[in-house]
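Two complexes are shown next, each including chain A; its partner changes from chain B in the first to chain C in the second.
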Partner chain A sequence: MTVTYEVISSETLGSAQSSVTIGSGGTIPQTYTDLVLVYAPLGSTNTVTHSMRVNGDTASNYSLTGMRGDGSSGTSYRASNATSWTMYPNDYDNTTVPNVITVNFQNYTNTTSYKNILWRAGLSASGYGVSAQVGLWRKTPEGITSITLTSTGNFAIGSTFSLYGIKAE
Partner chain B sequence: MLNNISGFLGVGGGIIGDYESIATVTVGSATPYIDFSTIPQTYKHLQIRMNVQMASTADMNMRIGTGGTLDTGSNYYYHALYGSGSGSATSLNSGGQVNFGAYLGYFNSGSSSFAGVVTDILDYTNTNKYKTVRTLEGNDSNGSGFVFLSSSLWSNTGAINTLRVYSKDSINIAANSHFALYGIKG
Partner chain C sequence: MATYQLIAAYEVGAGGQSSITIGSGGTIPQTYTDLILKCSLRNNTGISYNTVKLSFNGSPSGSSYSFRTLYTIGTTTSSYGGSSGSEIVAGGSVSSGNTSSTFSNAEFYIPNYAGSTNKSVSCDSVTEANSSTNGNIFNNLTAGLFANTSPITSIVLTSDASSFVQYSTAYLYGVKNA
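Then we have the complex of A and B:
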């Protein structure tokens, strides 16, 4: 048996930043089977949200299907031909309570099929909720070598971002 | 077509850790199911991470076994919550105990898009209680798709050592689908 869940990178923001790139310059190792991104963003205000791109791709290659519950109702939503994945379109980042988000990038190195990502998010504060989403990236298949998260304002000090690699034998 | 594809169970070696690769299957040509057998009993939990395409739209299920025998009896029950891209999120359940296994989600077919699936099988060796399986699954095809959260019960106290992932709708799993079984220490 092989130890297979390893930290690739981990960062806690010491200053506010409008974006965070993991694997800047395309340096995410291509030696794992899946990636798992665990992060807990804080917003510069309670009215900012954030989005994700991979490999710096700004074309309309992103889509998602999601659902959300806020304690009183559950809704589903979709985005097609988007230029990024909005991480939870019906919620905002919060200045004091981090959303806890886990994103799975399945078979992220394969060059034969579009990539899907699968994520869960939850923030337990008044007016917020829990969500699950699946995303598709339709760029001509290539390995994912960088991940960029961009806030509509800033990610606040104390936001954390950790990327793990999982390797199947 | 018994054991047409079985996960290779790694043997020894490597560094001992808390999350370990047990077996991996990459589907070479369309197949009705994949099996993981002779699963080690040395972990606390199991996780299967999948990247799956089906030959056509279908449910995906998982039968569970103990003592090397898959349970085909009406010993499974599930609840699920899903979103289809608009309107309300929808809740469903098996409507009673069923014989086709745990519920992993509903899969679109697509020429280039695969579904992501992460399934956890909790406390799988405990012989004092029934077993719970939970799954996050999603497939998006740029304008269609689903995302599912599901929880399934296997009302059997046997230690799990065999798993079969398949579709109760008799739809094949497409080539290049990937299944990886991991063990988590506790």
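Then we have the complex of A and C:
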């Protein structure tokens, strides 16, 4: 059977870190069709949030549109010309209950079009919620070779980060 | 190395089934990193709003579950949740009052299911039947928590209805990150 879903990298933090880079140095292989990032961050406190960039790009090339539910009402939000994708901007990481976050990067190697991503996050605890966002990266098209997640505090010990590659064959 | 493998497949037979149990007797293998449960469900009632409920390990503690859901029904978007419950209410199944041969589409993601921390669950679910006559055409995004540190060894799906109908399916996959 052809293997079409493979682990590219996986990391469980043994010490608190303010950022995590997957594919440091631009080493995410360009041999898959799509990427799936699955991570379960814990916060150093209950009041930290985090954001994501690709390929180390710090320019104003990011935008997003999202929707969120907190258990009593639903809201939507968006940001444009941002310097990163801020993850669920009204929420925080939790010290004891990990978020469940999946991010899909379709056709991540193409050099002809901007990249869209889809991510879903959720944490069931008082004051937290569930969200889904789409993001756009408008840098001159290039393949995604690294992904950096940055916390306003720290990602705590035990946070996990796994990147999978999917081959359409 | 294959990292995404089928663990169990379940299809409801003729006559329906009141619940779907995966890993009966605690037989879900503990050798994967994450679990992914993909479901296609239809139930036997015509009630207007029909949810699917998820519980683990025979629900050893009836108050271990909480959830937050964002949903859309027709043109309305809203959110609801629950805490200290006996199950995670996550998504829906298509009721029999809707277009025949239509089923829901749902995916549950359960990371670190074999670990010794509380278990978070993510669920995406949609029901669409080209009709809103019964009001249960909705999409649904849920974050759930099973506040229990035991590994997940079995999963039970139930419904507001008395049974899931024939051809409802549930497939459990394991994902390895190494």
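One rule holds for everything that comes next: the second predicted complex is superposed on the first by the 168 of 169 C-alpha atoms of A that agree within 3 Å, B and C clash if a C-alpha of one lies under 4 Å from a C-alpha of the other, contacts with A are read in each partner's own complex, and residues count from 1 in each chain.
In the analysis below, contacts are C-beta pairs under 8 Å (C-beta built on N, C-alpha and C of every residue); 3 or more make two chains touch, one makes a residue touch a chain.
This one's a predicted model, so the numbers in the text were calculated from it and none came from an experiment.
A.B. asks: Given the alignment on chain A, is it a clash or a fit between chain B and chain C?
C.D. replies: clash
A.B. asks: Could you say whether A:Thr96 touches chain B, chain C, both of them, or neither, answering first, second, both or neither?
C.D. replies: Touch partner of A:Thr96: chain C, not chain B.
A.B. asks: Look at A:Arg120 in the shared chain and tell me whether it touches chain B only, chain C only, both, or neither; answer first, second, both or neither.
C.D. replies: Touch status of A:Arg120: both partners.
A.B. asks: A:Lys167 in the overlay: touching chain B, chain C, both, or neither? Say first, second, both or neither.
C.D. replies: first
A.B. asks: Per the contact definition in the header, classify A:Gly69: touching chain B only (first), chain C only (second), both, or neither.
C.D. replies: both
A.B. asks: Given the touch rule stated above, what does A:Tyr77 touch, chain B (first), chain C (second), both, or neither?
C.D. replies: first
A.B. asks: Check whether A:Ala132 is in contact with chain B, with chain C, with both or with neither, and answer first, second, both or neither.
C.D. replies: both
A.B. asks: State which residues of chain A lie in both footprints, the one left by chain B and the one left by chain C.
C.D. replies: 1, 3-5, 67-69, 73-74, 76, 120, 132
A.B. asks: Can you list the residues on chain A that touch chain B in the complex?
C.D. replies: Where chain A meets chain B, its residues are 1-5, 33-34, 63-69, 73-78, 80-81, 104, 106-107, 110, 112-114, 116-118, 120, 132-136, 138, 141, 166-169.
A.B. asks: Considering only the defined contacts, which chain B positions touch chain A in the complex?
C.D. replies: Touch residues, chain B against chain A: 8, 10, 12-24, 49-51, 53, 81-91, 112-118, 136-147, 149, 176, 178, 180, 182-183.
A.B. asks: Please give the residue numbers of chain A that touch chain C in the complex, ascending.
C.D. replies: Answer in residue numbers: 1, 3-7, 10, 38, 40, 67-74, 76, 96-100, 102, 120-126, 128-132, 158, 160, 162, 164.
A.B. asks: If we count contacts the way the header does, which residues on chain C are in touch with chain A in the complex?
C.D. replies: Going through chain C, the ones touching chain A are 1-4, 33-34, 66-71, 77-83, 88, 109, 111-112, 117-118, 120-122, 124, 141-145, 175-178.
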